[in-house]
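Below you'll find the structures, each written out as structure tokens.
Shared between the two complexes below is chain A, which pairs with chain B and chain C, respectively.
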Partner chain A sequence: MAPDIEVDSLDVWYGQARALKEVTLHLGPGKVLALIGPSGCGKSTFLRVLNRMIDRAPQVRVKGAVRVGAFEVLAGDVDVTALRRTVGMVFQQPNPFPMTIFDNVAYGPRIAGLRQMAKLRQTVEDSLKKAALWDEVRGKLRRSAMSLSGGQQQRLCIARALAVNPQVLLLDEPTASLDPVSTAKIEELIVQFKTHYTMVIVTHNLQQAARVSDAVAFFEHGRLVEMGPTHDIFTAPRERRTEEFLTGRV
Partner chain B sequence: MRADRIAALVMKGALALFIAVWVMVAVIVGAGAWRFVSANGLVGPLVSSRWSPLAAHYGILAFVVGSMAVTGLALVLAAPGVLALSVTGARILRGAPQRAFIQILTLFVAVPSVVYGWWGLSVAVPLIRRLTGTAGFGPLSAGIVLAVMIVPTFSIMALQTLRQVPSSLVEGSLGLGASEDQTLWHVILPASRAGLSQGFLVAVGRALGETIAVQMVIGGQSRVLSLLKPGATLTTQLLTDLALMPARTPGHDALDFMALWLMILMAVLVWLQSRVRGMSRG
Partner chain C sequence: MIRQSFHQELAQLEQELIRMGALVEDQLRRAVRSLTDRNITLARQVIEEDDRVDAMEMDIERRCLTLLALQQPLASDLRVVSTALKIITDLERMADHASDIAKVTVRLNQEPLIKPLVDIPEMARIASSMVRLALNAYIHRSIEEAMTMIRLDDDVDHLYARVFRELLDIMRTRPDTVAQGTYLLFVANYIERVADHATNLGEWVIYMVTGQRKELND
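On to the complex of A and B.
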């Protein structure tokens, strides 16, 4: 069951620089939220709070409350490992590990302790099928993941994320480095995944946001300017800044 | 234009000189080794450990085994330190402490080997003496000294390699619920394999070729491997006997034979290194 996401008064500082200011929002279970806004507005920061990847940034401070399903994400005693298995992440550049296709997908389950080969094989096959890559790589699972094209690598990374049975998927500009055909395939996946996973996607491609998302959040200078159903945001934004951004008057 | 021509001439001259020196060494050592092999055969000296040039016994087994043992021991002793230092410097420290750490390591690389030998004499040898009741001189002490000596070189190379692992790979692993340790063992180290192997080969080369620091603590006797009793290696025996045996004597030819073996071993290492460099990640 896909969880909901609730964020209350979220503040993030990098050293003295404030990256997010009092962000509050709620995303229903199984919904797709697109984060849009100019570069450096805090979209990626917001995304990286949701699986605590933000912890890796030097001198970072995070304040507020974030709940993903049953996880109190910012609580001191939260099991970050369990959180990250539940909240999967796909990055801007495809980042397959320098190992075989099979080992890439099996990485997460193995890390979590799965050793039985039969189960591993089944998990790998299922995950590759869900990521619509199975037909292209069956019989080639022992090849290096580096031999795949960029678009295939990105779907491999999606398969890798799915292999640990996440309930939430964070996608950080997942198609920014891909050609239009590969982009279309990834977007198709996102639409298929709806209701199975709650998803948050950062994108600079407004058409993409319109095509795949249920809700859109517009960020500027670390503030959440406006969030609403995708159709409403694109046809009748409430805020002037949102309208200016959508019409290219930055 | 004229300056260019002069520069080109200087470069070519330097290259010619370099090649000439190299050929000369190869010819001198090769000729001596050839005479030695003609007189004693190729295999006999390699399987005998009786080194007594005055009695015309030229078994070099003890030195070959000594070189390999001391090198192997050094690598085994150095490995944990290398791993700890390189991981600390590459993945744990950041900013100013990291820069200071790397500078200190570099400083240790620049310490002359005679100083490491001195450290061996004043620390390692007495320590082994106290712990074992032996004289303290021997391959064990030599291995310890070499380990201390190769740790900085190997660590710096390993550290630079580990630093180059893209953070996208690290985050990919962490994002799947892997711990920092799991990420280190399953992603960072495998992704650094090529660079680590190269550092390993450089360390082997340094240990195998090291002479003075080893000579200061190994004791200098022809004996097939006893870690705690005085022994010798190819390099230390070359050092001690070179002055004793005039050129073109059979004993000197035997040293040429040993030198040729060292050169061949080193050439194999260099060749391995170039192969590793050519391999892609993963």
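On to the complex of A and C.
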């Protein structure tokens, strides 16, 4: 069951620099939220809070409340490993591990303790099918992941994320380095995944946000300027700043 | 910067739209004048000019589709382009009605009128002023100006009802007037439709400004 995401008065500082300012929003279960805004507006920071990737940034301070389903993300006693299994992430550059296609997808389940080869095979197959890569790599599972094209590598990374049965997917500009055909495949996956996973995607491609998302949040200077249904934001945003960004009048 | 050239193209698009609107308003005035003045030469000009309106519609439509495909406008820019696409359809229909009225002039030829034309020219005056006001509302991005369509459309509707009754009475008492009476009813109906299309323009202006669709004539 895909969880909802609730963020309340979220602040993030990198040293003295405040990256997010009192961000409050709610995303319903199984919905796709697109984060848009100029570079440095805080959208990637926001994404990284949701699975505590933010912890790795130097001198970072986070304040506020973030809940992903049952996880109180910022609570001191949260099981970060379990959180990251629930909240999978796909990055801008495809980052397959330097190992076989099979081992890439099996990596997470193995770490989680799955040892039975038959189950492992099934999980790998299921995940590759969900990521629409199975037909292209069946029979080649022992080849290096590095032999795949960029678009295939990105779908492999999605399969790898899916292999541990996440409920949320965070996508940080997942098609920024891909050609239009590979981009279309990834977007199609996002649309198919709807309702099964709650998704948050950072994208600089406004048309992509329009195509795949249910809701759009516009960030600027670390603030959430406006969030609303995708149709409303792209046809008639409420805020002047959003309007100016979308029409290139900034 | 690419957005700057896009906004210049948007401004050009608006100019073309205003030019088309002015031509349609003129067509309507001349069509009704051709009828009241029994001027068949003028009527034929109106009929011929309709091709120009059609050409303008196609040209603006092509511009809009190019902008949508190449610039993928959003927010108010998207509304400006989609509004233009809708407005030109209404304008083109109005021009068709002007041409229809001119055809009635040609058909009646110099046949004496069964009644002096008073309300029909008044309907046409209001309807063509609605076209101009709607275009002004478009230029000024003015909801107030767009809202004036409601009252003017009501005025046209009332006149239409009156013309309808009068012509029906005449046709009932003088069966030899049925042919011309029917043509004049057509004319009144065309003008009433023009006013409805002008009301649509007002609705599109409100959409363009606010992003909300609002029915002005119910």
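Convention: the second predicted complex is superposed on the first by the 250 of 250 C-alpha atoms of A that agree within 3 Å, B and C clash if a C-alpha of one lies under 4 Å from a C-alpha of the other, contacts with A are read in each partner's own complex, and residues count from 1 in each chain.
As a convention for this text, a contact is a pair of C-beta atoms (placed from the backbone, for glycine too) under 8 Å apart; a residue touches a chain by one contact, two chains touch by 3 or more.
As the structure is a computational prediction, the values presented were derived from the model and not from experiment.
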Report for A:Trp134: first if it touches chain B alone, second if chain C alone, otherwise both or neither.
-> neither
Touched partner set for A:Pro58, first chain B, second chain C, both or neither = first
Which of chain B and chain C A:Leu206 touches, first, second, both or neither | second
For A:Thr235, decide between first (touching chain B), second (touching chain C), both and neither.
-> second
Check the contacts made with chain A and report whether chain B or chain C touches more of its residues.
-> B
Touching partner for A:Trp13 - first (chain B), second (chain C), both, neither = neither
Classify the contacts of A:Pro98 with the two partner chains as first (chain B alone), second (chain C alone), both, or neither.
-> first
For A:Gly88, is the partner it touches chain B (first), chain C (second), both, or none of the two (neither)?
-> first
Considering each complex separately, which residues of chain A are in contact with chain B in the first and with chain C in the second?
-> none
Provide the residue numbers of chain A that touch chain B in the complex, in ascending order.
-> 51, 53, 56, 58, 81-82, 84-85, 88-89, 91, 93, 95-99, 107-108, 111-112, 144, 146, 157, 160-161, 164
Chain C residues within the chain A interface of the complex = 1-3, 6-7, 72-79, 210-212
Residues of chain A defined as touching chain C within the complex = 206-207, 210, 232, 234-237, 242-243, 246-249
Could you please specify the touching residues of chain B with respect to chain A in the complex?
-> 94-95, 166-169, 171-179, 182, 186-187, 190-191, 280-282
